[in-house]
Every structure is written in structure tokens, then in C-alpha cells.
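After this come two complexes, each holding subunit A, first together with subunit B and then together with subunit C.
And then the complex of A and B:
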């Protein structure tokens, strides 16, 4: 291989694929990045066998070739170089790096040792703006918890039905659902579950890019791909396994009807819940008393050693009186991910879930189970 | 050679040919999933491993397998997800009273919650019969006791036993389709099927079930359309020798507003009841529950609770949760004095008395008669009976005077009131059915 590339460009590529390289492993090759040229493109790949990331950029190739080098040393070194032209040359499994008067050699391992990132057999495909997808994922990404008993809920559900994509996450105590509408109807309904980590990497890699990303669903696998603008050439590809199994029948969790309803200012409510959290005990319990007649909610918390807290917040309310307790962390997780200035809080009784929704939009929903008192 | 042994021996061979790091990375969590005449299928944890093994180690694998088993001509690879499980997040400490979505714990297809098994079902003299019947049914569903009808007061383990039977059948006989549904859900399914004109779909869904389990069947009381649909479903399954298991909080005879044809169906199989556990069994249950929750329970405390809470296992669990929270809050282990104090707090709460209106409503709901009829002068048999029971509770629990009751209940003569009260008193002594009804109404009064 003999190519010339700008430092900035190479740095970008290394940053993107770095998340795929393994941090600790019994197999040293997984700590390496694969450099490969063909048809005047440079391709970088990294994988830890759970996910694989590839990046491409057009370059002038004087001589084709491929090699793997340790990711950490290579990328740290490239980061320190000035933003000038870099010449990469392979000789006997060594990578020679020339940039201005820097002359370096990194010992590599043959590309034949590097794992193959599996090709996907395309079954279904959707296209969505990458930043919008990332923002949507961010609203629910922290909810799943790793569970041995129910591996299905340790990931995020992508459920595509008619013109709507639903992203769903739950840890069996609360559940969040984000809806994304599409203009075009898909041929068939389909759904898959991606690991939480994959979702995080999708956000990390694609959030700032602001381009169309293709989500390609195949057997056991999922591929997120962005192409180089106005071409059919790939720019970034993230391949990941999907979680097998059926997602629970989550729609039956979402209450269809509720007995008590109140509309509150989000920031005001959020602040008061935070204040109440200071006075909770280890159980994290805060108590909400809804009085629709008074058009208010009373928020209470109590810590035997520290003292107690009580506040009232006014809102437009209807329905029955209700006294219900929640884990304040769960309330904050829901409230923090709502973008509107007002929220609707709904509940029925002290043993049934509460629902938090934005006012004026129906694209987000947060369902949370109470604490028994 | 068995496929497990075959793979183990093959791996030992492969290990010699490649580096240790490679072996650990690529052959970890692999196995032979099927072995058919000349073809072996190797299961691997993910697609990355599949690609790599296929392209790099296929020759070695094929050769090692061939050496061990001459008939193997080809090897295929599949991704099998069951071989990997994610690590549990240890940071999240469980909050005892935080409620969970039931829908997530339950199995998608069967509606069963896998946590209910025979292994964690505690047997004592009070539930021996029910356990034996359930166990027999789970060994050979559809052939001995059909239907199996279990009844007991709430919180004594009906649901646990029902689900344990379902889980055991599901795990032992893979082909059997087990379906568990609480009666309330069954009713709302029927209602929505009728409303959306999807009755055919509903019927179709229940047609192929091998084991149908319906919990709390007493909720069918007074729901005529549901009873009719259920009757048809019941017959269809019964005629095909499919197992039906039902539970209720009372004997079929005591379920009011139930059509005779259904009642006789319910009584046609095996009826088993679960009584109240004795002190030793209650203590054993407490110990098991405490162990499940990783809580060390002092013997003295354990027996104190077992002696003081007699009627419900659910209540035992409730108290146990209270103790655990108390311990989390104070960071001190629970001794007998703290326990006694917690009991005192609870007793103060439970002496809250009920009102006239509540008694009237609960009794009329139970017998399915109108409140107005009871207050009026109807001489219909069930109305008279409900009126007498209302009077009984007003006297017994609210300590109203006879003449005040006479005035309250629509201007009756106070001698009628005296007669009514003593009649129920006497009936309770000799008639088991009435006795059971009264205790049910009492429970309903306490529960709401």
C-alpha cells in the first residue's frame, strides 16, 4: 500500500471506528485496526466481535495493500501530527508513516488474521435522518437494564408498522415509547431488538453527521449505513448482532384509560421532584397527592433522620383524588426526556402505573410503576 | 458417540492445532446443535464467529470430526443465541416495594410466570390434596381429573399452584399448548371481541389449546354472555380430552348467578380446596420467602409472625417486606421488639370500621340484588336473605341498636330486626354455606 491522505481525514476515520475496537481481549488482533485500499478508497475497520464498524474515504492509491496495526498507538500518534499530508506505506507487515519531517514505523499483523465483519442478507430496510434517529434513541436509551432472566428487555425494540417506527425500552419498572412517523408505507411490518450498547454507538457515531442513515435488518444482524453524498459508495457502516427472542407484549402495559389527569408545567414539577428527592430515604420514595378539585398536586417526602418536605403545584386537573408513591429517580428519568414545556400526568390508583406525556405532541410516552405503601 | 462427547473430543484435537488465544476467542460457547447421518451442524454465539470459523477453521473442524466419526461428510454453521447471556447489572439494588409490570414477567405464549414452580411451592396439611391433584394433572394432563377445580380464600397459593401445574406441563411436554388467563382478562377479551365483531378470531384462538387454566372463575358470576361463550369453549376442549383447570375463591355451589349447566360442569371433575396453613407451615413459608429475598430472619421473629398472621400467605409476605424495609432504613437487624412494634402499628390501622353504606353496597353486590329492594318491602327470597345479612352486619360490626337498624333499613319493625339477626346467627352455626358467604362478605368489606 502506498497512499497519501490528509491528517484531518484520517483522524476522523480513526475516531469513528475506534468505538468498535476492543478494549481488553484475549485476542490481540481485536485491538487492531484494519487498513485496506481498493478502487481509490481507503477503508478502516474495527471489531470486538459484538459490533463491527467500517469507514471509507476516497484517496489516491499509488499501490494497493492491507495491514492491521494496534489501534491505540496508531490513533494517538496520528492525533499528534500536524494537519498536513500523510504518506502511508506498507513494507513487510510494517506501516511506514511519513508526514513532513516525521518518519515513523509501526509493527503490524497481517490482514489475514483480522476477523471478517459479516455481510448482511438484507430483509428489510428503512431510511431516516441520522441526527433525528440519535435524538430519538437518546430519549429512551438509559432505560433498559441487563437481565439474565429476560434478555429481550436488555435491548431497545424497533417496531415498524405501517407508517410508524416505535422505539421501546423497559426495565420492567418503567417503559418508554418513542414514535417516529414516516411518509411512505413499508411493505411489511417487522421488528427487531438491538443491544443497548449498539444503540449507544449509533448515537455516538451518527448524531453529529446529520445525513440519511439506512437501517438494514437481516438474519441475526442489523446494519446502519451512511453513504458518501451523491454516490452509492458507503461512508460508515455499523454492523451489530440483534437480540433474539420476542419482546414482551408491551402495549398491554400502557393504560388505555386513567381516572386522574393533571397538566403541569414541566420545569416547575421537575424542580419540585428534585427538591423532594433530597428528603427521601433509601427507598427513594416520594408521595404525590392529586386533588383535582383543588387543581393541584401535593408532593411529599420524608426521611426519618433528616426531616420532611411538602410542596403544592397547581395544574389543570380532572378525575378522582389519588394518593400514590413513586421512586423519584424513575420520575426524573421520564421528565428529563420530555421536550415540551407542559406535561400530562395520568394515573388510576395506587397499584397501577402512572403515565407521563408531553402536551401537544403524541410522539413520546413514559409509563412508570408506583411504590407500594 | 453422542454429539456432546463428539464435540468435546473434536475440540481437544483442534486445540492442538491453533493458538490458545484464537481457540478461546472462536471456540468459546460453541456446540454441535444437530448431528444427522453425514452432516453436523455447529452452533456458534454470533455471526462474527460464524464468518471466521467458516473461512479459517472449517478444514480443521471437518477433519477432526471425520477422524472421530467416519460418516460425517459435511459441517454447517448456525448462529444460536441461546448460548450467550448478558451479565446482570449488580449496581441496581432492588427496592422492595417497587412494583413491576406483570406483563413482562409472563411468558408471551402461555401467559404463565416462570417464577411459579412446584419447587418453591410449600406443602402442608392444608394444601396436600390440592397439591396432589395438581401434581397428578401435570403428569398426565387431560386424562385423570378434568376439570380440576381448586378453591380457597385469597392469598393462600391458588395462583401459584395453578401456574406451577402450567409451567410443569409446558416444560415437560413441549408440544402441549398451555394457556393461563385470569377470568377478568378472559371477560374483557370476550367483551372486546363482541364489540369489534371478532368473535370468530376469539374462538379460533382457544380452539387449539391443550391445557386451559382460568384463575378466579368466580368473576364470571352474573356475566351471562361470557358464561355462554365459556360454556362452548369448555365443551369443545373437554370433548377433545383437553385439560381444563379452574380456580375460585369459593366452592362452585357458592358462586352466585352462575348458570346451572356451568356449575354442573365445574363439579364434574375433581374439586380440591386449600385451607388455612398451620403455624409450622406458616413459619416454613416465611423462612423460604425470606431466603428468596436474601433476608436473615430470626427464629423468634419468624414464629411470632407465623402465630399472629393466620389467614393469608400474602399477608405474611407483606409483613416480611415491611421488616426488610425497616432494616434497610435503620441498618439494624430486626429483633422481636421491633417486630412487635410494627404489628401494633398495623393493628391500629385495621380497626377502622366500615359504614352503613359500605355494608349495604357490599352485601347487595355479593347477592346481586338491588340496594333499593333491600331497603324496600320486597319479599323475594334473595332480597329477604340479603336484608337479613345486612342487619346481621349492622348489629354485629357497627353495634347499632335494633330500633336504630329498623329505622335505617326502611322503617321496619324492630322485632323483625331481632328475628333477622338471630336467624343468621343460628344459620351460621349449622349451615356451612351461609357461614362461607358471611366470611366472604366480611373479607370484601375489609379489602376495599
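And then the complex of A and C:
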């Protein structure tokens, strides 16, 4: 390999693929990045065998070649160089890096040792704006269960039906559903579950890019791909395993009808729940008293060692009086992910789930189990 | 106690004294903040027995009183309240906090249980601008040794001589000296050593305040005090133990004459040392070759597993050729704390300390031992 590339461009690529490289020492090659020329492109790849990330950029290739070098050292070093032309040259499994007065050599490992990131067998493909997809994932990304007992709810469900994609996450105490409309009319309904970590990497990589991203579903695999503008050449590819198993029939637990309903200012309610949290005890319990007649909700908490707290918030209410308790953390997780300035809080009785929704939009839904007495 | 205070004001006070409260569980009262009225002032105090911090603000006192409450919960709660009038009322060792719709009670512990922060017996007093003192401390604050074997170099030396204060820190591998001139003509020369942690709290508390701070030295104690503007009333007091023992005769290790001298652009040199650091091995060794004839320094590093690095930087040089090695971390610590755009690097031979100074100012000096071969 003998190529020239601007420092800024190489830094961008290393930044994008970096989160695919492994931190584990069990298989040292996974700590490396693969550099490879291909026609007039430089391709960088990193994988930890669960996910694989690839990045391409057009460069002038004087000599083809491929090599792997330790990601952390290579990336730290490139980051410290000035934004000038860098010459990358492979000699005897070493990468020679020349940039102005800097002359560096990094010992590499042959590209043959690097695992192949498997090619996907395309079954379905849809296209969504990458920033919009990332923002939507962020609304539900912290919800999945950490438990390994039920792997299917440790991930995020992507469920495609006609022109709608539903993103769903639950840990069995609460559930969040985000709806996205997209352009492509797909043939059949289909769904898959991606690991929470894959979702995080999708957000990290694609959030700032604001381009169309293709979501390609194949056998036990998912590929997120962005192409170089106005070409058919790939720019970034993120490949991941999907989680096997069936996602629970979550729609049946979303209450269809509720007896009490109140519309509240989101930030005001959020602040009063946060303040209540100071006075909760081990189960994080806060108590809500919905008073439709008074058009208000009283928020109470009590910790026998520390003290107690009470406040009230006015809202537009209808339905029955209700006294119900929640884990304040679960309420905050829902409220923090709603974008509207007002929210609708619905509930039926002290043993049935509450529902929190934005006012004026029907694209987000948060269902939360109460603390039963 | 029955007083009214604005949320913002109380939040300010809690923020200032907070770092004095203890995180340890061995003596639970130290986790508490003491609230006390005094004439028409509210006084907050916190201490972990090593340092004590007090804060005062004028308030309308309807009823005198004093109580301690858990700092973390009280402070978190006050932070979450709106910036409105808060009523603080003590009833049966409980603190009642009322603010608009918020009604809260925190269980307290009697003020009698709270340790007394000792009053200082003033021996010497000087006055310095608090922001200037904080900025000066920041230039040397990370240097002291962490070792408990030599407690005197685990702190920072304050040495007053005529109209000059010298702040000194060392860990026996490197030494930093910062000179400050101040107004007051003190009677005698004197010096003391304050713990590194006290210096950190001085910076945290006084950096943004930009007022005159009195430094009062007494028997084994030091007091940093700021008064309420245009009054003789205290605003903030930080009391700390000083470290007993004699500071080493550090001036004898500062080289008086050096054989090689080069003036370098600080940021350029810093970046090239950082880049070299990627290729160092366990002892963090980088090698500098001073070539006064070529008006340059060559910077080299080498890690047999990873690879090697070489670059050069031009400068205005005089004296002898010199090949000398340093721990790159020690160089970075010195360079990062120099404010000028150019630095003077002086050295004599591969076994004698190097000296780094700002160009155009003589208020800072950094002495660093080489790695001997």
C-alpha cells in the first residue's frame, strides 16, 4: 500500500469505525483496524465479532495493499498530527506514516489474520433518514432489560408494517413504543430484534450524518448502510447479529381504556418528581393522588430516616379520583424522552399500568407498572 | 429558627460549603450541614475535621435557632426548587422547608452534636486577590507527591519573603515554583505547607469570586477568608490544618547555570511530545536531541512491540549539543502549566535536571529530572 490522505479525513474514518474494535485481550487481532485499498478507495474495518463497522473514502492509490495495526495507538497518533497530507506506506508488515516532519513506523499484523465481517443475504430493505432514526432510537434506547434470562427483551424490536416502523423496548416494568413513517412500501410485514449495543452504535455513528440510511435485514443479521453521496459506493456499513427469539406480545399490555386522565406541563411535573425523589426509600416509591375535581395531582414521598415531601401540580383533568404509586426512576425515564411541552398521564387503578404520552402527537407511548401495595 | 431566603442564595451557600462535608460513614454528623442564625445572618458550616468551610448571608431572622441536616439530601432538594422565597423553620429537631406549593420536612440532628471548627490564633496575615491566587495554585497543584512517606512534599509550600509569595510543589522527580507579588509588607518572613486537598478547595471556592482573600496563619492552622463587600463581616471562611515538618531546601536543586538553551513554540513542542507519547514504553521515555547548530530539537520515542517515532522542531538555540531523555508525562505537566506562547528549555547534561520557563516572564519555573541511562 502506498497512498496519500488528509489527516482530517483519516481521523474521521478512525473515529467512525473505532467503536467496532474490541477492548478485550482474548483475541488481540480484534484490537486492530484493517486498512485496505480497493480500486481508488481506502477501506477501514473494525469488528469485535458481534458487530462490524466499515468506512470508505476515495484516495489516490499508488500501490494496493492491506494490513492491520493496533486501533488505539494508530488512532491516538493520527489525532495528534496536524491537518496535512499523510502518506501511508506498507513495508514488511509495518505501516510507515509520514506527515511533514513526523516519521513513524507502526508494527502491523497481516490482514489475513483479520476476521471476515460476513456479507448479508438481503431479504428486506427499507430507507430512513439517519438523524431521524437516531433521534427515535434515543427515545427508547435506555429501556431494555439488562437481564440475560430473557434475551429477547434485552434488545430493541424493529417492527415494520405497511408504511410504519415501530421501535419497541421494555424491561417488563415499563415499555416504550416509538412510531416512524417511512417512504418505501415493503412487500411483507417483518420484524427483528437488535442488541441494545448495536442501537447505541447506530446512534453514535449516524446521528450527525443526516443522510439516508438503508436498513437491510438478512438471515440473523442486520446491516445499516450509508452510501457516498450521488454514487452507489458504500460510505459506512454497520453489520450486527440480531437477537433470536420472539418478542413478547407487548400490544396486549397497553391499556385500551383508562378511567383517569390529566394533562400536565411536562417540565413542571418532571421537576416535582425529581424533588420527590430526594425523599424516597429503597423501592424509589412516590405516591400520586389524581384529583380531577380539583384539577390537580398531589405528589408525595416519604423516607422515615430522612423526612417527607408533598407538592401539587395543576392540570386539565377528567375521570375518577386515583391514588397510585410509581418508581420515580421509571417516571423520569418516560418523561425525559417525551419531546412535547405537555403530557397526558392516564391510569385506571392502583394495580394497572399508567400511560404517558405527548400532547398533540401520537408517535410515542410510555407504559409504566405501578408499585402495588 | 424561622427565616426566609431566596432559593438562589441558599443554593450558592450550599454549593460553597459542600466540599467541606465528609463522605465517610464513620462519623455520620460530618455528613451534615450546620444551619445557624446569628444576629441578622444565616451561617452554614461543614467540616470533615481536616478542613472546615463556613458561609454567611444576611437574612431577616424571625426567630433564632440552629440545627444540622444531611448535606446531600438537603442540597439536592434545594437545587431542585424554583428560584423563589424559601421559609426555613425548625420544629422539634426537624427542618420544615416551605416554598410555594412545596412542603417538606427533613429530620435533623441537634447542633450540639456538630464539631466546633477551631478559631485561629492569628500570627501573620496577608491579602491577595482570590482569582489570582487560584490561578497561581492551579499552575502547580498537580505536582505534589502522593506518597505518605514524606508528608511535607505531599503539600504545597507557601513561602513569604518581603513582598513576594512563592508557591512550591515537588514530588522529587520534578518541582514547580510560582512567584506572586502582593501588597502587604509583612513584618517577618514566614512559611507553611498546606495539604494538596486544601489547595484544591481554595481553588474551587475562590476561583470565580474575584475578591480580596485574607490568608491568616496561626498555630498549625491556616484560614482563607473573604468578607462581605464593604463590611467587616465574614462571607466565606476555609480553615485547614497545615502540614508539620520542614520543606526540603528546594532552591539548591534549581540549576544556576546551564550549557544548552533553546527557545521553542510551546504548543508545537507540546503536540510533538504528545505524539511521541504514543510510542513510549513502560518508563514513558522520550529522547530529546538538542542541536544548537541546526537550531532544532529532535524528538524520538520507541516501543519495541508497537513501533517508533521521530520528529523535529525548530527553535532559537545556543550552547552545546545534548542528548537527554525524559518521562513525557513530566514534560507535559510542566508545559501545560506555562501560560506563554514560547518557552525556554535549558539543560546541561544527560544526568542533570532540565529547566522549563516561560519567555518574557520570570514568575514560573519547572525543574524536571532526566531519565538516566
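Please note the rule applied: the second predicted complex is superposed on the first by the 371 of 373 C-alpha atoms of A that agree within 3 Å, B and C clash if a C-alpha of one lies under 4 Å from a C-alpha of the other, contacts with A are read in each partner's own complex, and residues count from 1 in each chain.
As a convention for this text, a contact is a pair of C-beta atoms (placed from the backbone, for glycine too) under 8 Å apart; a residue touches a chain by one contact, two chains touch by 3 or more.
Computed from a predicted structure; not experimentally measured.
In the superposition on chain A, contact of A:41 is made with neither subunit B nor subunit C.
Contact with subunit B, but none with subunit C, is seen for A:170 once the two complexes are overlaid on the shared chain.
In the superposition on chain A, contact of A:132 is made with neither subunit B nor subunit C. Of the two partner chains placed around the shared chain by superposition, subunit C is the only one that A:81 touches, whereas subunit B remains out of contact.
Within the superposed three-chain model, A:244 lies in touch with subunit B and out of touch with subunit C [touch as defined at top]. In the superposed model, A:107 makes contact with subunit C only, not with subunit B. Remark: subunit B residues 21-22, 24-25, 46-52, 55, 79, 81, 85-89, 92, 95-101, 103-106, 108, 325, 328-329 touch subunit A in the complex.
Residues 25-28, 30, 47, 49-50, 52, 115-118, 145-148, 150-151, 153-154, 170, 172-173, 175, 219-221, 241, 243-246, 248-250, 252-253, 281-285, 304, 327, 351, 353, 367, 369-373 of subunit A are the ones touching subunit B in the complex. Note for the complex: subunit C touches subunit A at residues 70, 73, 76-77, 80-82, 94-95, 101-107, 271-272, 274-275, 278-279, 305-313.
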